[in-house]
Amino acid sequence: KGESDATSGMPEKVVIGYQAIPNGQIISKDYNWFEEAAGVPVEWVQINSGSELNTGLASGSIDIGLSGSSGIAAGIANRVPFEVIWIHDIIGDNEALVVKNGSGINSVKDLVGKKIAVPFGATTHYHLLAALELEGVDPESVRIFDMQPPDALAAWHRGDVDGSFIWEPTLAKMLEADGKVVIFSRKLAEAGYLTGDITVARKGFLEKYPDLVVKYLAGEMKAVELYRNDPQAAAAAVSRQFDIPEEEARRQMSSLVLLSGKDQLGPLYMGTPDKPGGLAGVLKATADFLVTQQTIISAPEQDVFLAALRPDLIQKALEE
Amino acid sequence: MSSLLKLSGVSVDFQTKRGLLTAISDISLTVEPQEFISIVGPSGCGKSTLLNVIGGFLSAGSGEVLYKGEPLTGPDRERGVVFQRPALYPWLNVEQNVGFGLKTRGMKKPERKEIVSRNLERVKLQDFGHMRPYELSGGMQQRVAIARILANDPEILLMDEPFGALDVLTREHLQDELLNIWGETHKTVVLITHSVEEAIYLSTSVYVMSQLPGRIIRRVDTPFSREYADRDSREIKSLPEFVRLREEVLGCIWS
Amino acid sequence: MSSLLKLSGVSVDFQTKRGLLTAISDISLTVEPQEFISIVGPSGCGKSTLLNVIGGFLSAGSGEVLYKGEPLTGPDRERGVVFQRPALYPWLNVEQNVGFGLKTRGMKKPERKEIVSRNLERVKLQDFGHMRPYELSGGMQQRVAIARILANDPEILLMDEPFGALDVLTREHLQDELLNIWGETHKTVVLITHSVEEAIYLSTSVYVMSQLPGRIIRRVDTPFSREYADRDSREIKSLPEFVRLREEVLGCIWS
Amino acid sequence: MKGPGKRRRTELILSASSVLGIFLIWYIIAEMGIFPEYFIPRPQSVWRAFTEIATTGYRGGTLLEHLGDSLFRVITGFLLACLVAVPLGLLMGSNWKVKAFFDPLIEFYRPLPPLAYYTILVIWLGIGNESKITLLFLAAFPPLSINTMSAVATVPKERIQTAQSLGAGKWRIFTGVILPSCLPGIFTGMRVSIGFTYTTLVSSEIVAATSGIGWMVLDAGKFLRGDVMFMGILVMGITGILLDRIIRIAEMILVPWKGKG
Amino acid sequence: MKGPGKRRRTELILSASSVLGIFLIWYIIAEMGIFPEYFIPRPQSVWRAFTEIATTGYRGGTLLEHLGDSLFRVITGFLLACLVAVPLGLLMGSNWKVKAFFDPLIEFYRPLPPLAYYTILVIWLGIGNESKITLLFLAAFPPLSINTMSAVATVPKERIQTAQSLGAGKWRIFTGVILPSCLPGIFTGMRVSIGFTYTTLVSSEIVAATSGIGWMVLDAGKFLRGDVMFMGILVMGITGILLDRIIRIAEMILVPWKGKG
């Protein structure tokens, strides 16, 4: 697999896991920036969930990959051998709790006794429960169903559910079909329940080829720049990758919050090696929350989360 | 009254890898009600094929088959068949096998039981009613198949070597039973057999078939079953007339 | 020299729903090399069961079976069997069925072909070598099974009503073929048959079995196959000594 | 030949040794710690998960409740499929017109993955047990109909001809000759089918389930609860064996002539 | 009876009418617009998706490439399973010791859902084709081994006894008598198995695939591309029918005696 060819000090190939989320990674993939910088073959594989990423990392068949913050928190709690190298995006308006117009739900408090669909284990699952906690609603009093987005949409159309905490493009389709937003993820992030998509690198890989990881980060940064300076070109790249219309790509991307390398080193996120940011705390809180949900057995102390963050790599990439 | 069964110019071909194989060719014969005809002929000459045509299981490639004046369309309960290999139902015991046809007609249990046990006695299997076919010997299976068709009481009995796997004693017993039934119920019988003696003893006429492709090469009328129905069989079989007819049929086969 | 085959006090029970059924009971018999023994008896008396024991397919519930002085453990090619129902292989054509045993022994094709066609001629099926078993008539299938075992050239031939489904002519032909082979190759034969005439004509001794549970009730030694091997069969069958022995066996069966 | 008792004992020893062998391999791999505990948990952890979930439950239901929900779905789907597929298979096997009509439909949907068309079922039938049972029904169907159809093709034609000449009508031949003749094949189909249905259980519990053993395994997988996953898989395997055993026993009772007819 | 030509025509008409019927129902439902287009797309849209993907491709591969990748996985897994399961099934059927050893293992893993144990395969075999093909192999296995085992139980014992008395050894009986006797059952198993394998394809392409028709369907689902999903499902159904047809034709050629032996 991605292991070395000892003489040159380079791996045979690098395997990168991506998700079907329109973000910087996809732009970088489209422009082949990493391929050009790395000088070794790059294989892009699509993964669908945090657990898949964790499995791929543990089996050594994925070197770099991305997942929602819930999956990352669970991975760290379970000591999956990876380290966080990049925050992909902060979830802002691309995930939201939508409900049917006629459902009589106007606030989170009204969810009591209603049927809500959410993909378990995803960031929106965490956010739904967080929203309930914020408003002091007992999660037991809400009927929560585990559904993937297409099925949630199907149930929505049938009227089997009253609402869903979901992401694009399903979110837009629900809104079109007589829906309204109760709360955006952005709001919950502001309240301290930050969620986002996070890129990690496999420990074995990172130790051997830190330079490659830095090169990868450089590509990500370039992508953020492109997104900020030339949204048209960024949307075109995403549209090429996902075979979706360009306007649709632009619409979906506009609700994302992409962070530059500098942003990530700020106090809200990774921070620097000397001045750690808030991310470790966010991940710890997420993990603690999952423990209360009986979904992971225990969450480690905060330093374990902190130790899993590698802002130094971002610093290096910025220097170059 | 029209003939019960009338075949004219019947031929049957089989498709094989190396082209068509004509099993029977241009067979014409007429069976009147209450006749008892036997068919003898060399192995593989088309006797079973002919019986399949009469039974309605096989449609003739050419020629015409009339039953009671109407073209034959398929098998039905008027023509009961005993196949060369007894096709018993392994999921039924002997009694149930024999009662299959009766149950089909919705006959009530007591009556059915009565008929079944009478016919099992006929073939001397009264003690084996509860056994499954695969627990029986070859000859016993053949006897169950005979009892099954007798119990069903069809108009014509079509029998393909029904006594082939039986010992002398059982065979003679069943021959006489068959003669009795035929005499009492005025059935019509078509019997395929390899025993010329059996054919002459039982039937009113014996048809001799040729080698493949099977044709009918001789018809010999025999009087014994009509005239001597209640005489001793061994005695009949040593009558000079019997011996003469037997030699005639055998001569015809050997030629 | 010890006996080729020696059964002492052999019994076989079958488990049925209503308890044990004793098929054969306390059977003792000895077969010397080059003997030709026949077994006759009523239908369902245990003849096939006995053959299965000798073949090594069924282990005796009690008693002892010795083959060449050793306890019999299972079937092997020294004892070739023709079953009551010919078990041909439908995926092989007639030639391949007959050559099955030879091919098993790794015999080369030309030699095999030679033996196969010689044996197909013996049973008069030389023209049907390319056909599949399910395209044959009942009698033809039986003949293929006979050719198959003859081609394999075993030491003992165990045959369960091999001629049961054959017409007179073919039957007499095969009887004479069997006698020739026996005379030429000094084989040992155990034959189950329903024809007392056949038994007396072919064998050196005839065993008569009783009703179920089968026991041996009589042994009749017959001289014809040894003494008159090259005479005309019809002539032999009308010899007074032949008729006497036939009556003796039949009398024993009827009693 | 040995007595049946001795054979029974040897069988047990062999079966036990193969099961124990696998168990041992598991134990050794787990103890060696090559893979993290959430992928290959140690037998002790799995046992702990078992006792815990059997008593206090997993996310709102005890093990027995989850299992009961799943078994209800599987068995209902399977039995409904038997009721439809076996008669239809018999009909298709004995009547070429029926076959010509239904064959393309069954052949078409048969290779389709439940995951691909489940959403469509949800649209029609909603997120309740109806869509789940329908999915299981659809999974159970093809092995039954195919095995039944093939079995019809091997019914010796003399059996049917005998029945015809005994005066049996189409219906009687169908129920009294073809059906029993096909029982061995039908039972083989049932055995294949129940296993298949069970493997589809997880797919069916992907959508909107919050109970069921398949959902439990999936959910545990999402959060890397390897111990719960293993426990769930073991429970599924064992209940699967039990269901299969029931069918085998039914076959032994109902088809004593297998291989003898 | 009618000539074979006429029958062939009637068959075609019946099959076509059932297919057309379903098509019509689809068309009407789609045109009525009860459900949004991304759930029940109109036939025209599906056709457009087909021509588009056949020529320009879907996310980096044309339809033929996706299909090729998937067929390679399915066929490899299936053929490997045939190579192992058929001999093992024959052995298990003819030797109770072999059966006692392997039966519990097969019976145990058989009801397990691929989705549940796929993770473990990925850990061992990585995310490449190895784990996918292994999953398909495991899916293809049980119908083959069970059908083969059942077929062995129905071999008339006289066939084996005849071979023994002709001097055939165990090996020759195995290959020359038991195997051909079981061919009808083996083919039934193969037909059930190929369908089953195909339904497992999507599960196998769930994890870390970027090609394959199953992946395409799943991925299209994420983007609510109902037209692509339907197109993928249609393609899977049709190729499934073709694979099945190949097995049926092989059976007709290799087992001409079916129902006659």
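Letters A, B, C, D and E mark the chains as written, and numbering starts fresh at 1 in each.
Simple rule for what comes next: a residue touches a chain if its C-beta (ideal position, glycine included) is under 8 Å from a C-beta of that chain, and two chains touch if they have at least 3 such contacts.
No experiment lies behind these values; they were computed from the predicted model shown.
K.L.:
Trace the shortest chain of touching neighbours from chain C to chain D and give its length in steps.
P.N.:
Counted as steps through touching chains, the separation is 2.
K.L.:
Would you mind naming the chains that touch chain A and likewise touch chain E?
P.N.:
Expected: D.
K.L.:
Suppose chain centres are the mean of their C-alpha atoms. Which chain sits farthest from chain B?
P.N.:
So the chain farthest away from chain B turns out to be A.
K.L.:
Would you mind checking which pair of chains has the most C-beta pairs in contact?
P.N.:
Greatest count of contact pairs is found between chains D-E.
K.L.:
How many angstrom lie between the CA centroids of chain A and chain C, rounded to a whole number?
P.N.:
83
K.L.:
Between chain C and chain E, what distance separates the C-alpha centroids? Give it in angstrom.
P.N.:
The computed centroid separation for chain C versus chain E comes out at 49 Å.
K.L.:
Averaging over Cα atoms per chain, report the distance between chain A and chain D in Å.
P.N.:
Each chain's C-alpha centroid was found; their separation is 38 Å.
K.L.:
Can you tell me which residues of chain A touch two or more of the remaining chains?
P.N.:
Those would be 51, 55, 58, 150, 154, 157.
K.L.:
Would you give the residues of chain B that are in contact with at least 2 other chains, written as numbers and ranges?
P.N.:
In chain B, the residues touching two or more other chains are 85.
K.L.:
What are the residue numbers in chain E that touch two or more other chains?
P.N.:
Each of 35, 39, 119, 123, 156, 206, 221 in chain E touches at least two other chains.
K.L.:
Please list, in label order, each pair of chains that touches.
P.N.:
A-D, A-E, B-C, B-D, C-E, D-E
K.L.:
Of all residues in chain E, which touch chain D in the complex?
P.N.:
My answer: residues 7, 10-12, 14-15, 17-19, 22, 35, 39-40, 96-97, 100-105, 107-117, 119-120, 123, 139, 142-143, 146-147, 150, 153-157, 184-185, 187-189, 191-192, 194-196, 198-203, 206, 214, 217-218, 221, 229, 232-233, 236-241, 243-244, 258-259.
K.L.:
Which bits of chain B are touching chain C when the two form their complex?
P.N.:
Its residues touching chain C are 14, 16-18, 21, 40-44, 46-48, 84-85, 128, 130-131, 135-140, 143, 161, 164-171, 194-196, 250, 253-254.
K.L.:
In the complex of these two chains, what residues of chain D are touching chain B?
P.N.:
On the chain D side, the touching residues are 156, 158-159, 161-169, 172, 176-177, 180, 183, 255-257, 260-261.
K.L.:
Under the stated contact criterion, what part of chain E meets chain A in this complex?
P.N.:
35-36, 38-39, 58-59, 119, 122-128, 206-210, 215, 219, 221-225
K.L.:
Given the complex with chain E, which residues does chain C contribute to the contact?
P.N.:
For chain C paired with chain E, touching residues are 55-57, 74-77, 79-81, 83, 85, 87, 89-91, 100-101, 104-105, 132-134, 148-149, 152, 154, 158.
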